[in-house]
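In the part that follows, the structures are each spelled out as structure tokens.
Shared between the two complexes below is chain A, which has chain B as its partner in the first and chain C in the second.
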Partner chain A sequence: MTWRRFLRQNPYLFALLLLIGLIAINASIQSNFFSLRAINGNFRVLLPLMILAVGQSLVIIGGGIDLSVGAMVSLVNAILVTLIVPESGAGGVVLALLVGCSAGMLAGAFNGLCVAYLRLQPIVTTYATSFIFSGLALLILPRPGGQLPRALTRFYRSTPLEIPLGVYVIIVLLLLWALVRSSRFGQYLFATGSNADAAYTSGIPTALVKFSTYVGAGLLSAFAAFALTLGIGSGNPRIGDAMTLDSIVAVVLGGTRLSGGQGGIAGTIIGVAILGIIRSLISFANVPTWYQTLVNATIIVLALAGPGLWRLIRGRV
Partner chain B sequence: MATDSGPGMTLRALKLNPALIALLLAIALFFIGGLIRPGFVNVNQAVNILRLASLLGIVAAGQTLVIISGGEGIDLSVGSVVTLGAIMAFRFSNGQNDLLILGLLAALSAGAAVGLINGLGIVYLRIPPLVMTLGMAGVVQGLVLVVTQGALQGGTPPALAGLISSNLLGIPGSVYIWLVLASFLWMTLERTPYGKQLFAIGVNREAARLSGVKVPWVVLVTYALSGLLAALGGFCLLGFTQRVFLSLGTPYLFPSIAAVVVGGTVLAGGKGSYWGTMAGALVLTLINSLLTAMQLSEAYQLMVLGITLVILISVYGRQRSVRQ
Partner chain C sequence: MLEARNIVKHYGAVKALVDGHLSVAAGEVVALLGANGSGKSTLGKVVTGVVSPTSGELRINGKPVTFPSPYAARKAGVTAVYQELSLVPDMSVTENIFLGHELSRGGFQLQRETMRQEAERLLDLFRPTISATPDDLILDLSPSERQIIEILKALSQQPRLLILDEATASLDSQQVDRLFELVERWKLAGMAIIVVSHRMDELFRIAERAVVLRNGATVGSALMSETSEEDLVTMMIGEAVTPQRYASEGEAGELRLSVKGLRTDLLGGIDLELRDGELLGLGGLQGQGQEALLLALFGAIPFEGEMALQGKPVSFHHPKDAMEQGVAYVPGDRGNEGLVMIRSILENLQLPSWRRYGVPISQSKAREDALEVAQDLSLKMESLDAPVSSLSGGNAQKVVIGKWLLREPKLLLLNDPTKGVDVGSKGEFYTLLNELRQKGTAILFYSSDDEELLGLCDRVLVLNGGVVTAALEGKDLNRSSLVAASMGVSEEVPA
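Moving on, here comes the complex of A and B:
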């Protein structure tokens, strides 16, 4: 029975096993999978979604959901490539990053205001606000373009101490999460997510807690946009659109429940890695083009079904 | 503060009936359109908007049932299923009037099958509806790609195109289909055991189970119906567009949810009506037509749409306060 308790305390265990299995398969068909170059490549591609999905986890644990994170990425991407030109110096870049952060936090604060204080339903509200952010992104950057200084894109590809930059970012995120979790805010967050009425009755400022999760998601969307922009070196006002739903799937794959009050970001990061490895597997296994969408979606559904299938097999419905 | 005087009472009655507010709003929007662009208010335009709204309304019918069923119920596969339904009808009818019924049956059964799989995953594997239906949307899209390999063969039966676009007594055929569907859904929701059980599981699944409702069964039927109705929407849409492409149904996904919410159905479940969704579909279609009529650039169109949606949601989409 200790095994069951272990499983309950580590809801991402299934995701971790799945990831190890997928990595093993991928490594067997891609000979250089474990080379620093390939690992760094994978991290570079996955880092934006990882950061974004961490923000999504925060909102979901607090009992909400944010369908505007992708649009916020597009917005901040548009801001960055408009403010940064190839000749930009350090000062200009820092200024652009600050403007990007503020834009993300403002957008998140607007979501938070609507959901936490005006008590609007999160799914439709953040879907509606995503139009506002997409519109702003299009206004700032009407068509794809822009270019970043070479030094910046080179920095994003760098591997200090032979370790990909992304690993450092993930470690920082995990450390920050450990701090948040053990803080009073962390307790408030989980209490609000699992039962807002009870949390409110016991004196927790639930509206403020929810509000901050949306601001946090906005800030992390801005960081995700930094990583994305450094990775591709240019701008596109639609670039983040497809990331929203992926971020939610990653959170669920990582063992966080959509009903809130439970979960963590380690699982989410594993969830994003699973999505990434599935894609890499499909390209290395030479799956015919017409079959790729089907194979990708089927593996994701099976991965989502995994814990439930396991429960069915063990006979505990 | 509401008083017992006349206007106060009327306002309160209105507050109780979101479907009616949405309908009044739709009518108001139509005339606002006339103010913004002279010539917007005419019979042709009204007929056109009704036709577009009927397509959205049919797609949103299943979404209404799923959302009433509660348990975080939502169906993100409707967009793909609309495309699937249209493609099945296109393929199986092959442009021949004799095969129209076969096309319809193929579309409906494909849609119901997808919905049933959604239901199975949600009930027995306990996958949250949002991600289960999202995953199935990908699977359906993938299946369509594999089967068609980009080359779609088939055709739109002239009878179907005629049914949707022709006007009987000045009203498009799709509106009649919509009205028949609406009466059918009203009967189902208000007068059948299934309807009562649907609202019961939406309010509280545990209480419903204890009072003898077979919750898994009701959930399965609801998601299957949602798939079936989305496919019916695709079938009608084929009559309207007379051609199929892979993203045909995508523009209907989130509007179907928004129409339900604007119509006063609560996302938490257990409360709502299809009349509301119909009014919601009218409101959303009108907003879209207005935005197009205003000839704004895409950026401004998106922003105005977003702000309008937020305002609409804040009128009826508010959740109850934790303080109450």
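Moving on, here comes the complex of A and C:
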């Protein structure tokens, strides 16, 4: 029982073992895997998804799911490249970031309003709103384009103290998460995700808790869009669309329960790293990239089927 | 302390409460009584802010208040121990006790250690009747321990009015005794307490006054010292009923079922024999393995041991096997196991029997048969096409039984079928059981209601901890021997 509790409190253990194994395999194939250059490159590519998946974790732990996070990334990306031109000064960039944050939070608030207060189904609602956000992105930026100031993209590539920028971001995210875990809101979040009725009768404002997870996911989607935009230096109104599924896969890989009430963001970050390494292995193995989608989808189905399969294997239904 | 006047609550067209009155003083224990559908649970929910009344007045210490949410009621000092558990399974005992009122500095820096110690102190109140620790997860606890955590959770908020809604339902007798000692102590400390319980004897043990509801209205109030169980029951149902014996003396037919040494993880070797036309009762405290026995016989859980129908050994691997041999099981949990709530009465009645109506299904024949059963059961419904969710508890239970009657079972397994069913429907149900016996159906009947077992059965097996502690019949079948056996007292009780 103590072992079970240990696993329950550290649900990312399985993911961590998987990650170590995959790193070992990848390092044996790719000799320069541990060079600062390669590591920084990997962090740059994975950071947007990490931030996005952290937002997804919030929503899933609170008992919901957000299928519009990718569309929100597209929307904020479109806003950024429209407002920032190569000649933009610091003031213009800050203004654009503020507009991007507001857009993400407004989009999240809209999701939260529908799910928490109008009590619509999260899956259907956020799937529908994802088309609204995609549509807005296409309205703002009808075709790929735009260019960011060199200074910005250089900043994103920087490695202060020989450590990739992404590491700092992850540390900040983990610190914020520790703050949430040690706060009353953290208790409310997990209670709402685990048993919303029980939480409500305990006097917890469950609607507000759910609402805030969607707003949080919206804000983090905006941050993910910042990282993504700085990474590629230009805009594409469809750029985030494929990230939604990845974000859910990362959450699941990280040991967070899809039905809510259990998990954490450390696992999610590990989950994103696993996805990144699988992707790099697939490209090394010289197979078509759509295998990545196949792998992702298989992981979700296995995660959903896991408990049932376990019961079947033990021979009792 | 609290006064509720002229409380009205409508759910759409349904009038759950038409005129509810309730008052309780500090240091007083009031029993809230009523049959199912009397509105007593609705009144309780209004007082705790779970539902908002359509109209009416709530006062606390003379001041008018409104409770838009449970949180508002709690801030005013009103806390309930819910029958439907309000615990979060994935969280620890401590986290659950303090859920919604965590100790923290400004919302951050939860004071986990202080809360842990306080939880330990609260758990000590019930020692040694529980073994849970502050760090245990709720999902690892037994139902009775969960119920006690629920009580402690309410208590941790230092309420001025505590509502115990069927709080003893899953407790064992020592835990109940301990709770009542504590209630006495809280009362002396000036707490107002409202008790809702289906166990009349418990109410007489702790309550000073009873408030009785009938058909959504408060019909009276009486001091416990000046009333009797019969008087209260009379107030509840509106007419005098004497405890009666419903059983008709049928002659026992051939041996239908025999079981030897049946074991599961909950059962430790059960032997029993049941003849056609016999009504065999299963008694004892709740959760002593009665349900496991019924499920094992129905092929729903695996077991070791021998089972024979009409002398022929059988082994069921699936309820389907049992059904083919004429065995039917009526579950206690209507909503989850017995019915598909949103589908029509017709579909529910015919659910186990569709294959008898061929391909394609002969709808008119199915409808005819279903209507016949519905009439036999005097089912009160709009039409066969109305959804089951539109029926009252008693009528819904009839549908559960009806769907098996359509298969004309030879052996009927009943798992506490009258739980949550009103008095009138119970009477109809007893008549039905007697009719079935006369047709020669063998019935194995588990009930958590001792009166029912005494009134209906020829013979009662009492289970305690997964074994039969007594087989009572004839003049040995009386309340004192039944209670003694269910408490595990083995010596003979003088009749």
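One rule holds in what follows: the second predicted complex is superposed on the first by the 280 of 317 C-alpha atoms of A that agree within 3 Å, B and C clash if a C-alpha of one lies under 4 Å from a C-alpha of the other, contacts with A are read in each partner's own complex, and residues count from 1 in each chain.
We take it that a residue touches a chain if its C-beta (ideal position, glycine included) is under 8 Å from a C-beta of that chain, and two chains touch if they have at least 3 such contacts.
Note that the structure is predicted; figures quoted are calculated from it, not measured.
With both structures placed on the common chain, the touch criterion links A:97 to neither chain B nor chain C. When the two structures are aligned on the shared chain, A:183 is found in touch with chain C, with no touch to chain B.
Once chain A of one complex is fitted onto chain A of the other, the partner contacts of A:261 are limited to chain C, with no touch recorded for chain B. Residue contacts after overlaying the shared chain place A:205 against chain C, while chain B stays out of touching range. One of chain B and chain C touches more residues of chain A, and that partner is B. When the two complexes are overlaid on their common chain A, residue A:197 makes contact with chain B and with chain C alike. Once the two complexes are overlaid on the shared chain, A:248 sits against chain B while remaining clear of chain C. Chain A uses residues 197, 200 to touch chain B in one structure and chain C in the other. Against chain A, in their complex, chain C makes its touches with residues 50, 69-71, 74, 82, 85-91, 95, 99-102, 104, 107-110, 137, 140, 153, 302.
Touching chain B in their complex are the following residues of chain A: 65, 114, 118-121, 123-125, 127-136, 138-139, 142, 196-197, 200, 206, 245, 248-249, 252, 257-259, 290-298, 300-301, 304-305, 307-309, 311-312, 317.
By the touch rule above, chain A contacts chain C in their complex via residues 1, 5, 8, 179, 182-188, 190-191, 194-195, 197-205, 261-262, 316.
Across the complex, chain A is touched by residues 72, 74, 76, 121, 124-128, 130-132, 134-139, 141-143, 145-146, 149-150, 254, 257-258, 261, 266-267, 298-307, 309-310, 313-314, 317-323 of chain B.
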